[in-house]
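Per-chain numbering from 1; labels A, B, C and D assigned in written order.
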Amino acid sequence: MSLLLSSETALAFRVADLTLAEAGRHQIRLAENEMPGLMSLREEFGPTQPLKGARIAGSLHMTVQTAVLIETLVALGAKVRWASCNIFSTQDEAAAAVAVGPTGSVQSPAGVPVFAWKGETLEEYWWCTERIFDWSTEARAAGESWTGPNLILDDGSDATLLVHKGVEFERSGAVPATQPSDSHEYSVILDLLRTTVSATPTRWGVVAKELLGVTEETTTGVHRLYELAAAGNLLFPAINVNDSVTKSKFDNKYGIRHSLLDGLNRATDTLIGGKVVFVVGYGDVGKGAAEALRGQGARVIVSEIDPICALQAAMDGFQVARIESVIGQADIFVTTTGNKDVITVEHLLAMKHQAIVSNVGHFDNEIDMAGLESLAGVTKVEIKPQVHEWILPHGRSILILSEGRLMNLGNATGHPSFVMSNSFANQVLAQLELYVRAENYPVGVYVLPKHLDEKVARLHLNALGVELTQLTPEQASYIGVPIAGPYKVNHYRY
Amino acid sequence: MSLLLSSETALAFRVADLTLAEAGRHQIRLAENEMPGLMSLREEFGPTQPLKGARIAGSLHMTVQTAVLIETLVALGAKVRWASCNIFSTQDEAAAAVAVGPTGSVQSPAGVPVFAWKGETLEEYWWCTERIFDWSTEARAAGESWTGPNLILDDGSDATLLVHKGVEFERSGAVPATQPSDSHEYSVILDLLRTTVSATPTRWGVVAKELLGVTEETTTGVHRLYELAAAGNLLFPAINVNDSVTKSKFDNKYGIRHSLLDGLNRATDTLIGGKVVFVVGYGDVGKGAAEALRGQGARVIVSEIDPICALQAAMDGFQVARIESVIGQADIFVTTTGNKDVITVEHLLAMKHQAIVSNVGHFDNEIDMAGLESLAGVTKVEIKPQVHEWILPHGRSILILSEGRLMNLGNATGHPSFVMSNSFANQVLAQLELYVRAENYPVGVYVLPKHLDEKVARLHLNALGVELTQLTPEQASYIGVPIAGPYKVNHYRY
Amino acid sequence: MSLLLSSETALAFRVADLTLAEAGRHQIRLAENEMPGLMSLREEFGPTQPLKGARIAGSLHMTVQTAVLIETLVALGAKVRWASCNIFSTQDEAAAAVAVGPTGSVQSPAGVPVFAWKGETLEEYWWCTERIFDWSTEARAAGESWTGPNLILDDGSDATLLVHKGVEFERSGAVPATQPSDSHEYSVILDLLRTTVSATPTRWGVVAKELLGVTEETTTGVHRLYELAAAGNLLFPAINVNDSVTKSKFDNKYGIRHSLLDGLNRATDTLIGGKVVFVVGYGDVGKGAAEALRGQGARVIVSEIDPICALQAAMDGFQVARIESVIGQADIFVTTTGNKDVITVEHLLAMKHQAIVSNVGHFDNEIDMAGLESLAGVTKVEIKPQVHEWILPHGRSILILSEGRLMNLGNATGHPSFVMSNSFANQVLAQLELYVRAENYPVGVYVLPKHLDEKVARLHLNALGVELTQLTPEQASYIGVPIAGPYKVNHYRY
Amino acid sequence: MSLLLSSETALAFRVADLTLAEAGRHQIRLAENEMPGLMSLREEFGPTQPLKGARIAGSLHMTVQTAVLIETLVALGAKVRWASCNIFSTQDEAAAAVAVGPTGSVQSPAGVPVFAWKGETLEEYWWCTERIFDWSTEARAAGESWTGPNLILDDGSDATLLVHKGVEFERSGAVPATQPSDSHEYSVILDLLRTTVSATPTRWGVVAKELLGVTEETTTGVHRLYELAAAGNLLFPAINVNDSVTKSKFDNKYGIRHSLLDGLNRATDTLIGGKVVFVVGYGDVGKGAAEALRGQGARVIVSEIDPICALQAAMDGFQVARIESVIGQADIFVTTTGNKDVITVEHLLAMKHQAIVSNVGHFDNEIDMAGLESLAGVTKVEIKPQVHEWILPHGRSILILSEGRLMNLGNATGHPSFVMSNSFANQVLAQLELYVRAENYPVGVYVLPKHLDEKVARLHLNALGVELTQLTPEQASYIGVPIAGPYKVNHYRY
């Protein structure tokens, strides 16, 4: 670990290596140019400081792009504490730069308390997550009496989960004993809560009460929130950032269109042109993948379970087939579904020699990695990190990228800054909604109003040289929309 | 007029020319092969006759494709009367073939009473529309006592409007006098209703009461229905077929992708490759247009008012500009907006010599045709029907297609059969819903449930050689959907 | 026939119908805007009249575009006589307009003697061809003693063939008797030559001697010329216009990319999106076809005999398969090869019901039409002109376009004006080369020098808004080319 | 340097690190699967050992792909010595693996003498090049009397140059003194030759006499050979491998289509979608670049000096503009020309802030790097290796990749194996021609006969699942080609 955790006496995070912080600052500067949405929000809202008084607990991959997000929140007046939402995803130089701050030094950091480093253990991970809820340092400094944040910015809902579990166990009077069937990660959470609840039995209730709400980044996190809401257990309002058009289409379609090729190239250097690529799923991710691959001269075959998406794939000129029908033809496989076992061990065994198998959809169970690992007679050879040749019992081999996990993260560098600028501008606007217009959001799960989705898009047009046309009053009246938007009904599909 | 109206003593429509009916039958036979959705519905539902007892008043362009729709409704047990929804759109051979019926003859027609011919006057048009509500012949034949249909299948809501206006005037006690500010068409409607209401003062109230509902094809018609519903004036349930994915995406995106090129080619024979084409609007229609034009090697420039659609256009690689910025560069203009005056006279005057101006969006006011016609010093030369050169006062000229009306109809042949098979399969399923599951539809406006939208897609897969993948029970459970669908949340954007 | 042949006392061609000439003039005016290459040549060379004294015998489809070519030759000082090179390809209104001339009238024609009408018999066709070699009227008017033209502009080499056959038979002393194995067309040629040679036994020798050369438009014609040259029988220099980049790539790739879709749409109105299209051949024509079809959302499968072209198809993302492997999948077939029997009767019998079969390659023997016609139990139904359903013995049917002949001519309108502007600008420059720089061209077959090929391209740039970059002297020197070009070695492949 | 040079007593190259050799062997094994052309040649020719007796001096980037080439030559019977043709391009693990050989060990190498490591000085580079001409070890071992190789396999013509310069100076009696105007590299060559000529005054004459010829890989090298031939100074036959279709199209078009994106992504992680990219030049490289960028959703603007290529760009739907016209719009610049100063310092100063500037064409003078370096007030910041931000005097900055050198090599990994399999299969066939059919190649420069070009393509079809169609005898006869090819005239453009 190249970063040292600070004591809790002052700022939470100390940087061992100024070079790291400087490298991070450099990358942040370049990323700012590719994140016009966030930079525009700084310009628009910096002067009025609408987030003054906001205390944001952030749990989201601590990357260079997130650094630009954090510093935007700060530029709007917020105080922030930050953890990563994944044990591997932190870019240490970004964490260091944010902790030091643009004007600080290692000795005198002027940044944000960051609890994140690349390669955390699960115990460390949940310790970091807990740290973003302890605002005692800030409270003391400000002479205030609050305990924790008043806003959560979440990715995958771990931070939100911790509060809900804490409240649940406080209410039931005890943190339950760990069961043999509990996952290791759940046992770590239980241990952590046991410690905190025993220290302060009302800790999480107070935290929950102070919270105005959470803004959630991902499909998975949103799913959890809807479940909590449906069960009547949601403790505070939530904004589903994931389903903004400017988030979901960008992350899913345009982000993958970019990073799929990047991942394939860095992992394998295989010529994509002329190859047959089988794309499992034709949702937004599959559409982006198929477009990228065709753009490189591959022949793409798609599979789908949804007849509407299947028909779209056909109308876009792709062959649509079941994997079993064409498995011997494909050179590369890309899963995009969010479902499990879409590539089974039987499929893996039927592939061409040295077929490349990769996942940009979801967890590593899209490909039956567990089944492969337990297959008798299989040998795994590391070609390089995140690229493994699995020599199968029949003698042929296949190449699996990123151990079956998201290869756009494991073999490439995830979504580019411009894509994240869209997602994060939605996050900032969602934080503003919860903080400034809290009265509009009783406990429940909301998507951002369409005019804010349109605003996010609008903030990215200048950077691309896009000229927007403006409705005349007569035209606006004729089609019955305000000149300034929103322009479409909510169910419009884009 | 090549068709003669019948007396009302027997069937409403008689065909003067058997050759016409035979030609139409021939085209219907070919169209059936391209309309697998409708043909599959005949197979699935023909045996059980679920529309037995249904009396459908149809008002929709009387084309070859509509003929396949009508005969599908009949194959499912319905009785049908039909008018066109546009004075020019009838294909006389299709009308003749449907009136004669697959097994009939001119002397002994075995088809459907059709009230439609190409080139109706407005008086004739509304007379035809009224005729589809007079089911006295059928009632007498069946020994029944009903007055009119129990279902409307509508396109543009004219048939629905007639009933609502009739009821409104019956309730108010009188059809109002025509005002000088009334359009000619409205005066024709008032005259018609004056006649019918004076003949039978309760006519339209009875008709309305017998109606189980209407299924509506178009954006414009749906808009009227939502307005009626919002004002509390809607008299019976309505299903918005227009917003099914398999309707709107097919009609708008894939239909235009096909027919825009067809219209440009038939009208002008101009090489599209290498040309600069300005596409006004990047909704579904604009997306289809831009894709088609790029596919021919044109350079496409897009304009948009909606920042989200503008950003999509940029991400798809198109220049996005205001028309004023690039007007001197474009060789071809295509409007796709549904708004008015998106090309003004000032724009027309600034175009290159012999620029081609065409509309696939909406009414002829997308281009300010009225302004052009009243421009001093302008000369209009007919190059061929639906293609006019307008020589402008400054000496340059422009080519306007279809008088500024929808050129995919005026210069080409509208949507291909396969596209209409999707729309019309939605219509059939919607008619079935209203007739068989009427209890699910109290007065209001509905979209078809997603599983039916998916069903329509499913009916078109085999014809395209698409193999659909099926979820395993474990997978279905994992993502929380039924194996048979529906697969997506309602707000999914495709 | 709507045109009457004149007596030979004055101009050769008289127009029965002024309306026809006016319609043609109108279309010529529009075409001029799409033929910037020809119009630029008029501007550049009109003032100096470099073709003054040239007497051009033209044999090329008498279309609107050819009218612009003819009037360009005249604008450069040439005298012209014209026949069509195909019995069906004349557009009568274009012929009429050229004969009347821009400033003439029916009574007092001021145009070019045109011998062409749509639907000639073979006898009429060859009579017309012979007429373009009889310049006695012009000689008398000019007080000159020549017999015929000094230049031929040929398409398919029929005019050149007539001269060569005439000379051959004059030299051998007699036109041979028609043999039973001779084709009907050859017997017509023999009859014609028998008449002319008996009238003037040295006629063709004199004609050949006066000729500076021929410029040939097509692959087929060029093939004949190379054969004559190889056998030592070529009588005068020939320029192979066909192999200019700006001719072959435009005609073959960009022309077909345009007109294939046009032909399919006009013939069938079938949605191309989502369909499987089998393209036989991936040369320039096949490349244009495949690109167009993909641009419409079709899935294209290609077949090839040449491994290099096959590899190109694969690298461009297309499936490459033998027709037998996928015949049951394809909805549409397009032949592009220039070879025979690439679709056999066995293939036709194996196709899907109502598969569409079309040829844009060459003669009607690409598809074994003769075999189909003689197949027992087959029925041919005319759906509309140039579209026939062939009901096969097994009960399925197929649709054949243009009787298996070139469907871009038969079902569409051939190459657009802009494409022909490239071809014809090459023709004009080739005529200029033979006339002005005859000393550079001893008897033999030549392609145009690269700088003229580049010039043709250059003449079309402005119309498309293309800005060309100019080399600095240092750059030109660095890569060793003149600033003004030519820029590439002769074997450069573009 | 991680590799140690051996003494010359045994094999020339020793590997310090077996791990390196093992890693290289691993990559070679994967590359073999992507190089079907070479592997097929091993299968076809391995049994008959047609290169038995061949002594090949290779000078070509010592990469993993080259390793597969070298071991193919060995598999066909040749003896080989190898140097790299670039001081930076060696992949040390590949060099190590080849030196060790598939069955050897560090202690007992069984491979090929390799003189190459990453990061040579110029002195080391030319020493290595000289080493491939010293076959005394092999001669002694074989009991033969030759001095050097009998074949050169060259890339960039450095090996060929050394022989020619050696012979020139031997003939003139002395190596000239180094002049102040000589480049550093030339002075290194002079020093080297001074040493060798003084040691053995007839050394290079003997080497030249023993040589059957050279096969040359690149445009630059071929250019030198044609100059030598034109000046009458070429000493032995040369085959221009560069201009085989399967070499030039693959390297230039398909190779760049792949590696341009890879380079941009690895260097900058910038989203390419939606960006404006200016591509300088629309030859094969520019065509590949433009296609790749469009496939990622960029808007591409092209510049050209050649009107034919400019017209092609327009017909392919790209805007064609001079750089000055659009310089402020572009986010990314890509040069592809092979010319110098196509981006000048003035251009660099006019670009957007953080515009990305990259070269895939030729030397680093495509971009005026020298001018930039000497610009007053400029600051160069290394973002990471091969990526530099140049902060310009006006305050904006630009990002320059690979110091202006070929970024597909510097920021990515060069051409993928499949591309190189095409190039190298041409090399192997060319070596075979010179060795087996030397009588067909008197001194001169040749391209490979078309049937061998076709053969190379053919060897790559199976790997892509391509089914080739075979001509029937009737069809072959009809179009006048052999069934087995070649299928096209030499000037065919593909």
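FYI, a residue touches a chain if its C-beta (ideal position, glycine included) is under 8 Å from a C-beta of that chain, and two chains touch if they have at least 3 such contacts.
According to UniProt, the chain labels map to these proteins: A, B, C, D = Adenosylhomocysteinase.
Note that the structure is a prediction, hence the values are computed from the model and not measured.
Participant: Can you check which chain pair, A-D or A-B, has more C-beta pairs in contact?
Facilitator: Taking the two pairs in turn, the one with more contacts turns out to be A-B.
Participant: Which option, B-C, A-C or C-D, should count as the same interface as B-D once over half of the contact pairs match?
Facilitator: From the options B-C, A-C or C-D, the copy of B-D is A-C.
Participant: State, to the nearest whole Å, the distance from the C-alpha centre of chain A (Adenosylhomocysteinase) to the C-alpha centre of chain B (Adenosylhomocysteinase).
Facilitator: 43
Participant: With chain centres defined as C-alpha means, what is the inter-centre distance between chain A (Adenosylhomocysteinase) and chain D (Adenosylhomocysteinase) in Å?
Facilitator: Roughly 42 Å separates the two chain centres.
Participant: Which residues belonging to chain A (Adenosylhomocysteinase) are in contact with no fewer than two other chains?
Facilitator: Residues 254, 273-274, 294, 297, 311, 314-315, 319, 464-465 of chain A (Adenosylhomocysteinase) touch two or more partner chains.
Participant: In the complex formed with chain C (Adenosylhomocysteinase), which residues of chain A (Adenosylhomocysteinase) make contact?
Facilitator: 273-274, 294, 297-300, 311, 314-319
Participant: In the complex, go through chain B (Adenosylhomocysteinase) and note every residue touching chain C (Adenosylhomocysteinase).
Facilitator: Per the touch definition, chain B (Adenosylhomocysteinase) meets chain C (Adenosylhomocysteinase) at residues 26-27, 30, 33-34, 254, 257-258, 261-262, 265-266, 269-276, 291-292, 294-297, 329, 353-354, 381, 383, 389, 412-413, 416-419, 464-465.
Participant: State the interface residues of chain B (Adenosylhomocysteinase) toward chain A (Adenosylhomocysteinase) in the complex, per the touch definition above.
Facilitator: Against chain A (Adenosylhomocysteinase), chain B (Adenosylhomocysteinase) makes touches at 243, 245-246, 248-250, 254, 284, 303-315, 319-323, 325, 338-342, 453-455, 457-458, 460-461, 464-472, 474-475, 478-479, 485, 487-488, 490-491, 493-494.
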